[in-house]
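Each of the next two complexes has chain A plus one other chain: chain B in the first, chain C in the second.
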Partner chain A sequence: MTALNWRGVYRHHLFWPAAILVAMLLFNLPFTPNFFSIHIRNGHLYGSLVSILIFGTPLILVALGMTLVIATGGIDLSVGAVMAISGAIACWYIKGLSNQNSLGGVAIAVLLALVAALALGLWNGLLVARIGVQPIIATLILMVAGRGIAQLVTGGFIITVLSAPYARIGGYALTVPTGVFIAAAVVLGMAALTRRTALGLLVESVGGNAEASRLAGVRARRITIMVYVFCALCAGIAGLMNSSNLADADANHAGLWIELDAILAVVIGGTPLTGGRFSIGGTVLGALILQTLKTTIYTIGVPSQANMVFEAAVVIIVCLIQSAEFRARVFGVFRRRPRPPAATPASIPTQLDKPVEAVR
Partner chain B sequence: MAETGPAPQPVLRMTGISKEFTAVRALSEVNFRLFPGEIHALLGENGAGKSTLIKVLTGVYSLDAGVVELDGSVVRISSPHHAQQLGISTVYQEINLCPNLTVAENIFLGHELTAGGAIRWRQTRKAAAALVARFGLNVDVSALLGTYPVAIQQLVAIVRAVELGGGGGVPTRVLILDEPTSSLDRDEVQVLFGLMRRLRDEGVAIIFVSHFLDQIYEICDRMTVLRNGRLVGERMVADTDRVELVRMMIGKELGTLEQLAVTERPEFGAPVVTATGVGRRGGIAPFDLTLHAGEVTGLAGLLGSGRTELARLLFGADSPDSGTLQIGGAPASLSGPHAAIDKGIAFCPENRKTEGLVPDLTVRENIILAMQAARGWTRPLPREQVDALVGRFIRALDIRPADPEAKAGALSGGNQQKVLLARWLITEPKLLILDEPTRGIDVGAKAEIQKLVAKLADDGMAVLFISAELEEVLRLSHTVGVLRDRTLVARLDNGPDVTEEQIMHTIASGAHP
Partner chain C sequence: MTIAVKPSAGRAGFAASGLRRVLYDRRLPVLVTGVLFVIMYANGWYRYSFDDQVLPNLIINNCYLVVAAIGATFVILTGGIDLSIGSVIGFSGMLLAELVVKQHVPVGLAALIVLAVGAAGGALMGCMIHYFRVQPFIATLTGLFLFRGLSLVLSKDAIRVDNKTITNLSQYHIPLGGDRFLSVGGAVALVVVALAAYVLHLTRFGRRVYAIGGNEQSALLMGLPVGRTKIMSYAVSGFCSALAGLVFVLYIQSGDPLHGVGMELDAIAAVVIGGALLTGGSGYVVGSLLGVLVLGLIKTIISAEGTLSSWWIKIFTGILLLLFIVLQRVIGARGKGGAPGG
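Presenting the complex of A and B:
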């Protein structure tokens, strides 16, 4: 591979998130020699990587929804509560079935949960776009109230279910974790929805300059409502996966603090919190980085009381490495990432054409 | 400039003031003097340097060159706090007080009357009540400031500035009022003027910034006019007629540009937009205006005269509270810009950066934004069509760099303006509204845009052309609308007999010629 191609690789906006993920996975090898081994046990794929995927898929889904919300310049704190509500509704319905293994019954339960998630997303969207409440406040309402709603549904108890079809959602299909299929479907669906239509462009333009977009005829309110609905739907699906995996609905703990991990995953993936450009692939990598970090903490045996501090320290380092400015300072060699809006306009085209060596 | 001041010794003298921002000369060698007991108008169009001069005087900016003398001794004003200590107080257009505190609390905010670390509330209220009474205000000082109308809040801000401006007991000698009347109605302005006269009679020197000529002539004694960062002149208000003042403010652009003079009035097409009695309170008084296909209508008027407000109503960016619009012969009410775009109206706003461009997106994305928004998100423009359109307009308008994937925010002002023009031209509008399309761009790009406007009208488009430069308006327009104090005061058919002089007269007096 020529030097030119390599430059294209590490200038790609996904290079640093991907490099961090790979480094983090490799880091585990000395501690867990069979970290990368995957084998089949009881007809299921089994191994550290597989468990990262299983536990990471709900986060991926929530973070994907969050990506679009953040791209419009908003934020959604209610995703954890939506997860709890969706799981609670599904389990409540299944619990009431005479035969919990009835496929039709479980299908209705899933449908009910997803419709509820849609309605909650619509509520968030209307608060933000129609009433004009600031996103952080609007979704804070549901973040707090949502757990209460979930408790009303569960009657204040943890509902446990024994349903083979429901267990599939958070379990395995064709020896692979079902969540992988779901996440893949959502990623592909979202890529098609945003990049095959004009939705992605309009979301980025609203996030980049809301007033200019309005004056260009963009129906910003509709776009905003749509992204909150999409985000809640993703959270609803994640809630089902989570609840199915644990075979219960816990109104207090399902999806607790996931909104923070999701926001972090979006940011690590390279979507700025101020809105504008978003990256679906970056968000997926960001979520995987966070999940790998959580797994790593256990495999390398960080004392449990130090978990939080360790995690925070690594996250800070990851964010620093993601920052082009920081990299420029620390290892000046890797300076050329093509996102210098502050640079003088005239220098941009020439800079892109310059060979690596010339700048060094 | 005759020495006719009320006192021989100015309280403030600024000499040879220069201030440069990165590559932009905001002030060059400006002189300014202010006498005690006068109200002095500081005048100029956008970018003339008024606010820079005020910020130099209040210590927000440090000056690059020049001398500031206060009462005859040279001072270096290092910070806003230092300016206050010297007795220079400022009240800005937006009120910098807390509406959720009481009037008394606001007046003494940061200067609380204390005893042993505790605030002496009773004494605070008494002192505040005595103060507002002295200024002739009828205000309950223990009521929340937010419960009073904006005008009263403005007056409270002035009382506070005058009383506490000097901080450590130094009386206010210079009071700067930066557009204090822009959100006040007629009666409220009179209350403010009453207070200003009282302060003047007490010997305070007042600098008054306003865009309303009537107010200048009503309240001011002397004025200083700036243009493009330079001093145009200092005059006594009583000795200067309005036409001369307008000429000083607008000035004349030297004829370096190619002549595009409108030689004859062509036959116009059908009316594209007809506005009857359309207006919006606080924006623009109800106006009648008809824009025909093939006609360039220019809007002339000073800054703040309602040019932009008029355009925004036609585009649905603001909703009118009176009157009716007819678009293409049929009555229409615009629920927003998207509705106007549907009906073939396009609008290039005055502030390219905040209202036009999405800087993070590419040139290509910025160009197709309006067309794509009109189609809706479910019907993306085919990529080949996008590339063809964008390529064509980058070439036609000579956008540089000619790279559709360049970030729009990195382009120069002139090229950004061309990107916005391209955005609207690909939608093939029937009416194109251009608000200050040539401001802040270089001479070459300016001439290109002017030529383009003439050509578009030739091809049958209706154009509404707004510019602060009279010469440009006259050169391009078939019809000229003149605005003054948020009212469309005249509609002139352009021809050899219409001169800048005449338009300045209209701006100054509001009379039909």
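Presenting the complex of A and C:
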């Protein structure tokens, strides 16, 4: 491989997330020698990598929806609440069925939950695009009120259900976790819609400058609303997977703080919070990095009370490695090649400082 | 074109400009929050026959949130956000309990250490934001994880604080005349509000905070020390969160690694209800105080009502947030182009 080629790989936007993920997976090998082995037990795929996928799929889904929202320069804090509501509605409906195993009943429950998620997304989108509320606040409303609504649906209790068809959503289909199929379908559908049509470009243009794109003839408001609806739909599906996996609906704890993990996954994947750019592959990698981190913490036997510190330390390192300024300062020491000044606000103080120092 | 419009605007112009001045005034959202608080309070007075102690109790029961919201106000005024507040509150309580109960450090020294750690933590996040251009949301999110994790490392279980000084402090009642009294925590909260108002409106640092929130680029070009001010405002927020943690220990007399979970959102909600713009540059400390009191009053009224379940608190808080935000939008598409003032 020539030096030029190598630089191309190094510069690729997925390089750092992929490198971090691979490093993390390899890190497990000395602690768990059979970390990469996958075998079939009871007709199900089984292994550490599979469990990362199973527990990671709700996060991947939520993060995918979040990616588009962040690409328009917004943010959605309500995804955890939407997850709780969709799980609550599905379980509430199934609990009321005379036969909890009826396929039709479960289908209606799923449909109801997803329609509710769509409505909540529409609400977020209208607040942001029509009324012009800042996204973080618009979705904070639903984040706060949403858990209240979910508790209203469940009556303040944890609803447990015994339904074989419902359990399938968070379980296995054809020896593979069902969630993997769902996540793959969403990734493929999203990639086809945004990268094979102009939709992705339009989303990015709204994120770059909503007003300019509106003047250029892009229906910025419609795109913004659509993006929030999609995000809520993803959260709704994730909520169903989560609730089906646990066979219950817990309004207080379902999807708690997942919005933070999802936003982190998106940012680790290389989508800036300022919008205007997004990377679907990066988000999937970011979500997998977070899930691998959690699995790693358990498998290498970090004392349980130190879990969060360990997680925080890794996340801080990952965020710093993602920061171009940090890389320039730390790795730049080893490099002689002068960097061209970037045209960002960051470069202004250095430009102002330099003449002063020269005078001194 | 504008000339053709002018005559027809003619007489109405004067009234409109007066109305405009009121509508464009930055103090209006605070005023609205104040009026809402008075209406809610009067309604509560009428329906549940509030006694004189209700108002002091509001401050006593929410003193930690007041202190935390004041810290959040500084950061939000610069156009940033601080998600680490709740975790720092939890960690401060744990650290104080650990130092006082297990290491037998004198309370005063322990409190100083806790405050210093809080301020240093905030400053570190500020450095991450300023020097490495990590977005505030993400940088303080890592702070949220880190401090929650650190408090779990200190101890997984709650630590009871049965120190004599702390018990005395927490039981001390400051008489307010009549049967009314204020706790030490409540007094601390009011002092913090007064100090913050002084710093924001009468010192150079305060003006810089507003200037950076108004337009960071212009502040930079004007030669203001943007980096230092930003880092300092995060340090102030960290300090206030640590202080809130101390006040919380006074209120509840124990340290628990899970104290203060989600409190950053309460603080941010209070600041927004108090009329500050999350884009920065506009907002008042008094507004944040009123915001906390309005949130506290919702809880008081719902518990006085008795028949409503606890989740209605969340739903009402959401509805109230919505009302305020829509109100802010209706009051003006202001803040968009050239905000008045500076």
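As a working rule, the second predicted complex is superposed on the first by the 321 of 360 C-alpha atoms of A that agree within 3 Å, B and C clash if a C-alpha of one lies under 4 Å from a C-alpha of the other, contacts with A are read in each partner's own complex, and residues count from 1 in each chain.
Throughout what follows, contacts are C-beta pairs under 8 Å (C-beta built on N, C-alpha and C of every residue); 3 or more make two chains touch, one makes a residue touch a chain.
Note that this is a predicted model, so its numbers are computed, not measured.
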Partner chain in contact with A:D248 - chain B first, chain C second, else both or neither: neither
Which of chain B and chain C A:V133 touches, first, second, both or neither: second
First, second, both or neither for A:A306, with chain B first and chain C second: second
Partner chain(s) touched by A:F326 [first = chain B, second = chain C, both, neither]: second
First, second, both or neither for A:N209, with chain B first and chain C second: first
Larger contact residue set on chain A - chain B or chain C: C
Chain B versus chain C as contact partner of A:I75, first or second or both or neither: second
Touched partner set for A:R219, first chain B, second chain C, both or neither: first
Partner chain(s) touched by A:E259 [first = chain B, second = chain C, both, neither]: neither
Residues on chain A lying within both footprints (that of chain B and that of chain C): 345, 348-349
Touch list for chain C against partner chain A, complex: 81, 83, 128, 131-135, 137-139, 141-142, 144-146, 148-150, 152-153, 155-156, 216-217, 220-221, 226-227, 265, 268-269, 272, 278-279, 309-315, 317-319, 321-322, 325-326, 329, 333
Chain A contact footprint on chain B (complex, rising order): 315, 317, 336-338, 340-342, 347, 349, 354-361, 365, 368-370, 372-381, 401, 403, 406-407, 409-412, 423
Touching residues (chain side chain A, partner chain C) in the complex: 75, 127, 131-134, 136-138, 140-149, 151-152, 156, 251, 260, 263-264, 267, 272-274, 304-313, 315-316, 319-320, 323-326, 329, 344-346, 348-349
Residues of chain A defined as touching chain B within the complex: 196-199, 201-202, 204-205, 208-209, 211-219, 223, 276-277, 341, 343, 345, 348-349
